[in-house]
Amino acid sequence: MADWTADEMMTVAAARQLRDGAACFVGIGLPSTAANLARATHAPNLVLVYESGCLGAKPDRLPLSIGDGVLADTADAVVSVPEVFNYWLQPGRIDVGFLGAAQLDRYGNINTTVVGGDYDAPKVRLPGAGGAPEIAASCGEVVVIVRQNLRTFTERVDFITSVGYGTGPGDRERLGLRGGGPRVVITDLGVLEPDPITCELTLTRLHPGVTRAQARAATGWDLVLAEGLTTGEPPAARELAVLRALEATKSDGRRQ
Amino acid sequence: MPRFSQETGRLVATLVSLADGVADLVRDGAVVALEGFTHLIPFAAGHEIIRQGRQDLTLVRMTPDVIYDQLIGAGCARRLVFSWGGNPGVGSLHRFRDAVQHAWPRPLELEEHSHAGMANRYVAGASGLPFAVLRGYTGTDLPARTDNVRPITCPFTGEILTAVSALRPDVTVVHAQRADRAGNVQMWGITGVQKEAVLAAHRSLVTVEEIVDELHPVPGQVVLPGWAVSAVAEVPGGAHPSYAHGYSVRDNDFYRAWDAVSRNRDTFRAWLDQHVHRAGAAA
Amino acid sequence: MPRFSQETGRLVATLVSLADGVADLVRDGAVVALEGFTHLIPFAAGHEIIRQGRQDLTLVRMTPDVIYDQLIGAGCARRLVFSWGGNPGVGSLHRFRDAVQHAWPRPLELEEHSHAGMANRYVAGASGLPFAVLRGYTGTDLPARTDNVRPITCPFTGEILTAVSALRPDVTVVHAQRADRAGNVQMWGITGVQKEAVLAAHRSLVTVEEIVDELHPVPGQVVLPGWAVSAVAEVPGGAHPSYAHGYSVRDNDFYRAWDAVSRNRDTFRAWLDQHVHRAGAAA
Amino acid sequence: MADWTADEMMTVAAARQLRDGAACFVGIGLPSTAANLARATHAPNLVLVYESGCLGAKPDRLPLSIGDGVLADTADAVVSVPEVFNYWLQPGRIDVGFLGAAQLDRYGNINTTVVGGDYDAPKVRLPGAGGAPEIAASCGEVVVIVRQNLRTFTERVDFITSVGYGTGPGDRERLGLRGGGPRVVITDLGVLEPDPITCELTLTRLHPGVTRAQARAATGWDLVLAEGLTTGEPPAARELAVLRALEATKSDGRRQ
C-alpha cells in the first residue's frame, strides 16, 4: 500500500511537466496546486498567470479563488481582465495552459458545459467555458489534469467547450488555432500523450501500482498503449511533503 | 445621470443610499451587470435587488458565483449571460443548477460565452463600437448557441476571426474601495473588467467602502471620473463575503459554507429570509 | 530575446549597454518604433541609432517630434509612419519638412494616420490580431493615401466602420523610469502607447533612468514583465530634452531653441556633429 | 486704439463658448489657452481632457506640450493613449472638441495636412491629423479657433483632414459621424456659425472694431452675413488680466 493517494500522484506528475522559467496560465483547483508545487520544488521561477489579471503571481499558499488578494499582492503586474486575454494569452505569450475537464475524448477535446440530455435540458449543468476555449487555442501547449474513469473519458464529449485535436490530424491548422494543443494528459492512473501521427491520446506512462487493464477499463474508447509504455516515478518524499504543506494552507484562506 | 452640482457647478455622480440607488437604477426587466472578478463583488447591492423584489432581470456577469446564485434562487432573473458559473474553488452553484435543470423557482434562459468573449463584449460596449474581434470560440460548440458570436474576415489578410457583439447593460453595478464627494471612484487590487462594464452601461451604480474628502493615489488604482458614473452609495463591507483589497479579506469560509446552504431549497429560503429580507436595507 | 538566466533560472530581459542594445536590435532597413507620448521619449537611443549610422529605416511613431526630426535630418530614414509631425507647442519640424518638400538629405516616404488609428494599430499588434476596428477616418482624404485603412461591416448590425491593419515593428524602443535586474520595467506618469508598442513589436529595447534591486509600486505605474522585453539598458537622462516623471522635467527651452537650430541645414549638421557624433555613446 | 490684441479677443471669445462642467477635448496652443482661461474665469469646473491620456487635468499654468507633467499631476485619472481615444472620445463622452486649422472651407472642413502642390510633393507639409479627425467626428460639438484670412478661409481645402459638414446638409449623417460637428468658428475678426438650413458658415458676430468689409475681404468664399449680425463684447478687464497672467506662465515651462 503506497503512502500517497492517487490524487497526490496526479498532482505531482502534473507539476513535473512544468519547466522552470515557463509562463503558465493556471486555473483554480488541481492546476493551481500543481503549478504552485512545481514553483515550490524544481521550478522556482515558473511565471504564474491567473485570468484575474495577475501576471507572475507568487502565492505562499494555495488561493481558494483566482482572485485572492495574495495573487495581486505578489504579482509582477496586475492588469485588467480584457488585457490578460487580449495582450497576454491571445498573442501566444503563455507557454503552458493548464486545463481540467468534465469530459475528454480521444482527441483531447474538452467538455465543461453540459452532460447528458440536450443543451437546453441537460442532465448536469456544469460551470461552462471560463477562459478554457482560448487557453486551449492560444497557449504554446496544454496540460490537462483529469481523473480517469468512464464518466470522464468518453468516446464523444456531449459538448465541445475547448478544442484539443478536433477530429484528428490537421484540424487545429484548419481551424487556425495557433497554440500546440494538448501535449499531455495527466490522470490519477497515468499519463496520456497524443500519437504523433494520429493525434489520438495514447497511454505512455502508468503511475506506480496501476495496471494497463485498470487504465483501459477506465477509458471509454479503445485505449491504445504506446510502445515503450513505462511506469512513472512515485512521488519523492520532498514532493509529497511540499504538496501536503501546500494543501494545508487551503484551510487558511481567511488569513490573507 | 451625473447631475450638474449647484454648489460646485460640476458634473458629478449623485450620492445616494443603496436603497434609493437600486430603486432608481435597477428596474424590472432590465439588463443588469453586477461585475467584480472574485474581488470587489457588489453583494450588498445584489441583496438590495432581492429585497426590492426585482423581476425578469437579464443578469450579465462573467463569473456568476454566489451572489448570482442568490439572485437566481430568489427568482429575480429571467435570463443569464455569462462565461463561468461556479463557486470558485468549492464547486457548483446549486441554485443556478436547480434553475437550469428543474426550472426552480422559475425557468432560466442562458446565453454563454468564453471569458475572452465576454471581456471583449464589454470592451466593445465601452468603446462605442457594435462589436469586437478576437481569436476565440473557434471549433467549439459555443457559437451554435448564441447569435452574438459570428465569423469576421480581416479586410487586409483575408484571415477569418471571431466577432462578438457589444454588451450594453441598462445598468452596471460595481463595488469599489473609495469615492470622493464628486463621485470620482477609486478601486485597486484586482480590478477585473469593472471599468469596461461601467463604461459599457447606459447607467451605473457604484457602492464604496467609504466616501472621502480627497482621493489619495494608490498603486494599481483605477479611477472612474464622477462624470462617467451615475450614482455612488457608501456601503461599508458591501462586498462581503467577497473582499475589498486594503479593507477586508475574502471570507472563504462563507463560500465553503454556501455549498451546504444552497444545496437544499428550504435551507436556501431560510438563509435568504434571515440574512437578506430580515437584514433590511441596513447592509 | 529574453534569455533564460543561469543564475536565477528565469526568463529575463538581457541587461545591455545602449550601444550594444542598438547594435543588436536595430538593423538597417528595419521597421523601428521609438515611442513616448511627449513624456519618456527615448532621445539617447535615437542618438545612438544616428551614431551607428543606421540606414533605410522605416520609422514608426504617433508623434514624430524633435528626435525624429534629428533621425530624418541625419539620413537614417527611408519611410515614416506617423499621425502628427511637429514640435509640440513650438511649430514645424524643419528637417521633416525639408525631407518631404526637398528630399534632403534623401527622399522620405510618408504613411500617415490619425492618432486613434495609430493607437489601434499598435493595440492590434499587441493583441496578436491582424487588424483593429474604430470609428475613424470617415469622410477624410486619409484612407485614399494608405492601404492600411479599409471599411469593415459589423456582422451584427450591418454598420460600416473602419479597420486599420496591425502594426508589428521589428523593434520598439521606449524609455522608462526603472527596471530591476530581471528586466522588469516600471514606468509612470503619462505612459502613452508604450505598452502596446512594446508588445506589438517582435523585439524591444527599453532604456531606463536606473536599474534597481527591487521595484517598489508607484501610483499610475505600468509594469512590463522582463519576459516580455528583449533588452534593457541603463541610460540616466536618456529622455532629455523630454523628461522622466519623478526624475526630470521637460526642457521646454531646448524644444524652443530647436526651431532655430533645425531651420538651416548647416546649423543642424553642426549641432548633430557636436551633440550626437562627438558626444559618443556617453549619452 | 483698443488695449487688447486681435488674438486676445479671439482667445477670450473662444473661452466664452465653454460652459462650466462640460468635458472638453483640448489640443495645445490657442485651444489649451482658451480652455484654461475659461477654467480660470467663468468655468472653474470645466473638465479638460488631453489626448496624452490626462482626464480632468487642472494645470495652474499653460503647458507647452500635451504631455507636460503638470497635466498628469493634476488629472483625475491618467489613462493610456489607446484608452483616451477608444473609451472616452469615440463613444461620445466628450462634450466639446477644440480644433485649429491651416485651411477651413465654408462647410467647416479642416486641413492640417498639406497645402499647395499635390499630396506627394506639397508646397507646405503640415503636421498632419493627430487626434483631429476623430475629435471632429465624435465630440458633442466642435469649436474651431483660427485666424481669418484668404490663406486660411478657402473655397476648397487642399486636403480634408477633419470633416465639418462635408458637402452640406445630411453629409454627417450619411457618413455616420455621431458628433454634432462645428457649432462655432472663432476668428480674430469675429464668430461664424453654420446656417441651420444650409450648414454653410455664416458671420454671426464681429469683434469690436472689425467691419463687415474686413471680414468678407478675409474670406475666400462669398461670406454670408447672418441677419441679426451683432458686435461682440470686448474682453473684460478680468478676462484680459487672467489671460495675460496665463500667457506669462508659458515662458516658465521648466518649472514643472
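Should a chain be cited, it is by its letter among A, B, C and D, assigned in written order, with residues numbered from 1 in that chain.
In this section, a residue touches a chain if its C-beta (ideal position, glycine included) is under 8 Å from a C-beta of that chain, and two chains touch if they have at least 3 such contacts.
Just so we're clear, the structure is a prediction, and the values are computed from it rather than from any experiment.
Compared on C-beta pairs in contact, C-D and B-D come out with C-D as the pair having more.
Distance between chain centres (mean CA atoms), chain C to chain D: 28 Å. Distance from the chain A centre to the chain C centre is 40 Å, each centre being the mean of its Cα atoms.
Among the residues of chain D, those touching two or more other chains are numbered 86, 90, 138, 178.
Residue positions of chain B with contacts to 2 or more other chains are 128-129, 134-135, 159, 195-196, 220.
Chain contacts in this assembly follow no simple pattern; the graph is neither a line, a ring, a star nor complete.
Under the contact rule defined at the top, the touching pairs of chains are A-B, A-C, B-C, B-D, C-D. Across the complex, chain D is touched by residues 37-39, 62-63, 82-86, 88-90, 92-93, 96-97, 100-101, 112-116, 119-120, 122-123, 134-142, 145, 159-160, 189-193, 195-196, 220, 222, 243, 245, 249-253, 255 of chain C.
Within the complex, the chain C residues that touch chain A are 4-5, 8-11, 126-129, 184, 195-196, 199, 223-225, 227-228. Note for the complex: chain B touches chain C at residues 128-135, 147-148, 150-152, 154-157, 159, 161, 163, 165, 217-221. The part of chain A that touches chain B in the complex is made up of residues 28-29, 51-54, 63-69, 71-72, 78, 80-82, 85-86, 89-90, 113, 119, 121-134, 137-138, 159-163, 166, 171, 175-178, 253-256.
Considering their complex, residues 20-23, 44-45, 47, 55-56, 76-77, 86-87, 90-93, 138, 178 of chain D touch chain B.
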